[in-house]
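Labels run A, B and C following the written order; every chain starts at residue 1.
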Amino acid sequence: MIEFRNVSKWYGSFQVLTDCSTKVDKGEVVVVCGPSGSGKSTLIKCVNALEPFQKGDIVVDGTSVGDAKTSLPKLRARVGMVFQHFELFPHLTITENLTIAQTKVLGRGREEAEQKGLKLLDRVGLKAHAAKFPGQLSGGQQQRVAIARALAMDPICMLFDEPTSALDPEMINEVLDVMVELANEGMTMMCVTHEMGFARKVAHRVIFMDQGRIIEDADKGEFFGTPRSERAQQFLSKILQH
Amino acid sequence: MSYNWNWGVFLQSTPSGSDTYLGWLFTGLKWTLTLSLSAWLIALVVGGVVGVLRTAPGKALGFLAATYVEVFRNIPLLVQLFIWYFVLPELVPVKLGDAFKQMNPVAQQFIAAVLCLGLFTAARVAEQVRAGIQSLARGQKNAGLALGFTLPQTYRYVLLPMAVRIIIPPLTSEFLNIFKNSAVATTIGLIELSRQAQQLVDYTAQPYEAFIAVTVIYLVLNVIIMGLMRKLEKSLRVPGFIVAGK
Amino acid sequence: MYEYDWSTIPAALPILWEGMKITLQVTLTAIVVGIVWGTLLAVARISNSGPLAWLAAGYVNLFRSVPLVMVILWFYLIVPQLLRAVFGTALQDIRLASAITAFCLFEAAYYSEIVRAGIQSVSRGQISAALALGFSYGQAMRLIILPQALRNMVPLLLTQAIILFQDTSLVYVIGLADFFGASYKVGDRDGRLVELLLFAGLIYFVLCFAASMLVRIMQRKTA
């Protein structure tokens, strides 16, 4: 579904990604972790070309991301993304947030879009808030709306960029619950997160990154059992102790 | 220091007999309003485009937009006005220049003043628009793009609606400025308010009444505009959204 | 096509320089007086002492609501009568004196807003800390708050100075020959208005652009 082929990226002369290759199969849940500044967020943003890369290629469901002929809006419309800071549109109501891309990008009718949006809103348990504005919801609620907004586009896969790291501790679980449910339904997911509990529960594979390289790319059991690299061991011991 | 106050002067008729001095003030007010509002329209359109271009990818357009802002910000308004009025008609193709010079004088003054004031203010509006867009987190643009919006759609549906709300307070002060700056048109003879104040002094020898009346009109204009803009701000307020202040 | 003739400019340079001296005189006096008077107004405005704060606010709002052109004309009307009242006789040419007065008092209103914002940018904890140490309100302002506020507002003060430098060209309305007035006079006299106005525009642009670049570099260094 998503295939990285030797992806490298530079900011000027500074290399942020070095020769990254991996893939995410259909229905697979892959967790990307690593210390801050390791390039994990950059890597996931390359999938829908929010970050351009200079070398290598990424192929999403047969479409080359690096190909200049690829229509990026079309590609992005099929790949759902959830951001660290939610990024709901503050000037639109929750319902409008859920429908605007459906109508303007996919060309769906207003009624159809609203039906779809409200169904998903109900699914994340927030139907009662449909008429509110994002600023009137808590962080956890906003993030659940953001997930619903991405799902409303009927994505072929979902990207999560640290979806819980901007949340107060008591709100993390309500978001993770939605993600777990999604994973159990067979959604293809690539998640940058430090939530190792989530990784243990639903991930199929774990990718560990450091200094722009993929250091470890292993099945979940293998990763949590006996990570091969010293860096990954250190990282795990640090975040699991707390 | 004895001064003969005579507020009745405004009701006296002007030398031509067809109007009172109060009528002159109204004519002045009419020109001040017409000039300022037309120039504001130009400033919003041009300033909006230039401001957006400054934030858009593409170096050439961004550079052009930045040059525009620097040129219009670093030359005094009065000098710009004289260049529009005296210089440009000489430099444009002869036909166009002649056509301009054959118009009636008021039309010439108005066209020069409105272009000058509009494009001058546009540079300042552009800076506010740019700052407004840049004050939105980068994430908003990414969120728009990630949903499959094209860049223009992202501006239209995501960035600009919020940017507009954020820049209303600074735009209010630009809007007030355009009324004050319109007084500069007196130098090329347009009969707006401050020109009428000077004329009244010449004709009536009652300078204080004339100046006080015109000053009060400017003050009232100021208050009205501030009230209107505050109303606009309130009507566009987004529930729960607090502008991030740093 | 228009045929340019720049030859009158070199000969006119001494006249233009005389004009520039007037421009600089008005600008610099207005900066100094404007900042001092503006700071006093700002301190008065946030002092919480009723009538004083009210008067300062009234002053600032009045000057900020009226076009500079009107202010210059107002002072051209008032200053001679004041001078006559004070000195008994009229001065020969009061255009410069009235222009300087107008700019000083007008700019003070704008500077006071910058200073006020600067003072308010210093956290409230600072004044509490100073008062807790036993400083008087005046001492706390002078020794603790203003020095910090000043650092925050230097770029804005300088930007305002650049605007002021440009605005002095408006003394044209009372016929004072500053740099712009001199350029216009020479252009009008020699029938070379196009060249002289473009030249004046260029000089203003070069000076103001260079100054605003300096401000930007300074801002980057202090930020």
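To be clear about the criterion, contacts are C-beta pairs under 8 Å (C-beta built on N, C-alpha and C of every residue); 3 or more make two chains touch, one makes a residue touch a chain.
Everything quoted here is computed from the prediction, not taken from an experiment.
Visitor: Is the way these chains touch best called a line, a ring, a star, complete, or other?
Guide: If you draw each chain as a dot and join those that touch, you get an open line.
Visitor: Give me the ID of the chain with the smallest distance between its Cα centroid and the all-protein Cα centroid.
Guide: Chain nearest the overall C-alpha centroid, as shown: B.
Visitor: Taking each chain's centre as the mean of its CA atoms, how far is chain B from chain C in angstrom?
Guide: 21
Visitor: If you average the CA atoms of chain A and of chain B, how many Å lie between those two points?
Guide: Chain A and chain B have C-alpha centres separated by 46 Å.
Visitor: Round to the nearest whole Å and give the separation of the Cα centres of chain A and chain C.
Guide: Whole-Å distance between the two chain centres: 54.
Visitor: Given the complex with chain B, which residues does chain A contribute to the contact?
Guide: Contacts found on chain A: 45, 48, 50, 72-74, 76-81, 83-85, 87-92, 100-101, 104-106, 132-137, 149-150, 153.
Visitor: Touching residues of chain B toward chain A in the complex: what are they?
Guide: Chain B residues touching chain A: 137, 139-140, 142-150, 153, 157-158, 161-162, 165, 238-242.
Visitor: Which residues of chain C touch chain B once you look at their complex with the stated criterion?
Guide: Interface residues on the chain C side: 1-2, 62, 65-70, 73-74, 77, 81, 84-85, 162, 166-167, 169-170, 172-173, 180, 184, 193-194, 197-198, 200-201, 204-205, 208-209, 212.
Visitor: Of all residues in chain B, which touch chain C in the complex?
Guide: On the chain B side, the touching residues are 1, 70-71, 73-80, 82-83, 86-87, 90-91, 94, 176, 179-184, 186-187, 194, 197-198, 201, 207-208, 211, 214-215, 218-219, 222.
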